[in-house]
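First up is the structure itself, then whatever we jot down about it.
As written, the chain order gives the labels A, B, C and D, with residue 1 at the start of each chain.
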Amino acid sequence: MSDAERSTRELLVELLKDFYRRGWVSGTGGGISGPADDGGLLLAPTGVHKERIQPEEFFTVDPADGSIRTAPADPSLRPSDCNAIFCLAVRERAARSVVHSHALSAVLAGDLARDGDHVAIRDLEMLKGIRGVGNRDTHLLPVIRNTPREGQLVDQLSRVLDDPRFASSFAVIVADHGAYIWGDDVWEAKRHTEVYHFLFEAVVARRDRQKEDTP
Amino acid sequence: MSDAERSTRELLVELLKDFYRRGWVSGTGGGISGPADDGGLLLAPTGVHKERIQPEEFFTVDPADGSIRTAPADPSLRPSDCNAIFCLAVRERAARSVVHSHALSAVLAGDLARDGDHVAIRDLEMLKGIRGVGNRDTHLLPVIRNTPREGQLVDQLSRVLDDPRFASSFAVIVADHGAYIWGDDVWEAKRHTEVYHFLFEAVVARRDRQKEDTP
Amino acid sequence: MSDAERSTRELLVELLKDFYRRGWVSGTGGGISGPADDGGLLLAPTGVHKERIQPEEFFTVDPADGSIRTAPADPSLRPSDCNAIFCLAVRERAARSVVHSHALSAVLAGDLARDGDHVAIRDLEMLKGIRGVGNRDTHLLPVIRNTPREGQLVDQLSRVLDDPRFASSFAVIVADHGAYIWGDDVWEAKRHTEVYHFLFEAVVARRDRQKEDTP
Amino acid sequence: MSDAERSTRELLVELLKDFYRRGWVSGTGGGISGPADDGGLLLAPTGVHKERIQPEEFFTVDPADGSIRTAPADPSLRPSDCNAIFCLAVRERAARSVVHSHALSAVLAGDLARDGDHVAIRDLEMLKGIRGVGNRDTHLLPVIRNTPREGQLVDQLSRVLDDPRFASSFAVIVADHGAYIWGDDVWEAKRHTEVYHFLFEAVVARRDRQKEDTP
């Protein structure tokens, strides 16, 4: 294993602890992935307490098809159900790191799209934290429907990644569920994750106040 | 004392610190229990600051009747009033670890059942964090009335544990008070505790917004 | 200095750090006092960042009249303006430790008494965290008006401490300002501080929801 | 480098970590500056994760014109876009330390000025945390419009700093964006930062409740 992969594993572990502190990966939900050696993708195991994952507990998968290249020594660990989703974002958007959040703010932001397929975000400086987006832009964030199993989200996700309305988005909200957020590397995925969660909280807080203003 | 019990005591101490940080066991309220050697139940003392409990300060009780097997060396410590409740969950649901939360979110979720005996939770992926529950299920969480003393909750709790409507629930809300949440072992009790607190916050936040939508 | 006073100073320092983390003593506001040797009262200095106070930076005052017995070595430090208030609580209620909170939740709870002189708290198990109070009691918490300087609160505070309606209260809210909360020793003051902040948050959250229910 | 500048750099690094924990500088947004040797201004680099800045990564600029005196060894670092804004506050208000916050509470407080150019804050003890302000004062906080790039804020900022209505203010809200907050030294800037964020949260929470009271 290269030094680069070793420090990526340590960074993923550190970020999971911080995301847990904020309530984004509680109850064993959520997850993270990042670049492994030789074009592979590091993938957290499923069903474990995410804030306690150790650097040696990641799987390495081939983003072309999600097949497992290396598995952690502990035979009880299974790869995250996010596998197919993460690999899709890697292939379709050239992402090298994908975060899966179970934040309540993502769920509440998704509720705003009850009759549509997206949330429109505007009038926020924080939009500039998304690569290529300016603070005068109206940023359209796709919202897809939840499915009984995570892998079944692939079809919907594939469609919104192809939809030109969402070309500038680095995130997808899954209604009633959370969000997938990605970036070019782990640092950009971290920045996008913080930025999108700020945007989720902002649109929910502003919608509440707008309702009060226009009774 | 076995190594297993020793590490269980350390884990309970660590979890109490984390629950305190989140406001779930403040003001000496709330508590936790877990498996001791020989089928016993570790029980936190009452009236102490929960985030400061030490591994050697737990009582061991017999879950069959709540009788004390071993007491901590400090003679000023008394077993938690949750004793009878915890033992009931152990006997009726084969729980091996029970958490008692004093979170405000549990109280506010209980308020939603003002005219009934339960809260219905649906349309949330986080439901899958409860063993045996899917995200298409409507999960019924029982809400019982508060009593002057904790031990007096036993009758009501016994009834809801027998109620087939609540067979899939690993938690009971006590109105105006908090919640009891359990699992097969400490790890499952921890996961269920995080999941149910997320669900409490989600149903309260969604109810607030639903009211705004339908004036 | 006795070992008891030394450990009290360390505990006060530790509690200030935790209160700061929760937003109860931000912007150099708020404070804490506790028992010194020989019946004295340890008093934090004014105008300093409360989370950074060191054990040797407390003043010792005589609770009979607030006169300074010992001052910290640093000549730039001045005793907290809470001095007169803290000493009053010590004399009138036999408190041995008093906390002054600048929490927003205390301000918002005080707003609920806009047309009266108290907040009535009921239907909460957490009331049992206040010495002598049961969960069936309606607990009346006095709210006094703010004054330009803290010392000017003494007259109003003196009146409410004599008011039999508030005999069971271990706290006073100062409208637009915060709260004074006390106990028999530092541990009881800590417990009461956590309990009252929970109660502040609960009455504000419930009032919000009650309004929604009865339009 | 003097010991004073070295400890200032360490303090700025520590404050950024704390501001990050509170959500005031997330997603690489926000920043901080403080006094360097020889009248210079320490300036954080742009586009980096603010909670991870190291003491040696600050630029030193001349507050007279924002020109760079010294740059960090890492050639990939560029000075913060706040440069022109920070220098303006230093020149116009004799500030020696300026904080730039991306807090959601600042954005929501700015929303309250939708039809005007300021927010009026009154009836809060915390106002005394601002140098020269009393708790009976009505404190006017200017709100300026956001611009595509941070440097373009200079004209508006220059006008409000000259406006006698805002002479007692140590902060400016940038609508949809955040706030600039300053002080005589880093400690005063820290105190003002905590005080203004409390005030942001208070005016938003009170406005919400006032609306409910007067339908």
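One rule holds in what follows: a residue touches a chain if its C-beta (ideal position, glycine included) is under 8 Å from a C-beta of that chain, and two chains touch if they have at least 3 such contacts.
It should be emphasised that the depicted structure is a prediction, and the values quoted were computed from it without experimental measurement.
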Original post:
subunit B-subunit C contact: same residues or different, taking over half shared as same?
Top reply: different
Original post:
From the centre of subunit A, which chain's CA centre is farthest?
Top reply: C
Original post:
Just how far, in Å, is the C-alpha centre of subunit D from the one of subunit B?
Top reply: 43
Original post:
Could you state the distance in Å from the CA-based centre of subunit C to that of subunit D?
Top reply: 31
Original post:
Of all the residues in subunit D, which ones touch at least 2 other chains?
Top reply: 215
**OP:** Please list, in label order, each pair of chains that touches.
**Re:** A-B, A-D, B-C, C-D
**OP:** Quick one: which bits of subunit C touch subunit B in the complex? Just the residue numbers, please.
**Re:** 123-126, 129, 134-136, 187, 190-192, 194-195, 197-198, 201-202, 205-206, 209, 212, 215
**OP:** In the complex, go through subunit B and note every residue touching subunit C.
**Re:** 23, 26-29, 49, 102, 104, 107-108, 111, 146, 148, 174, 176-178, 208, 211, 215
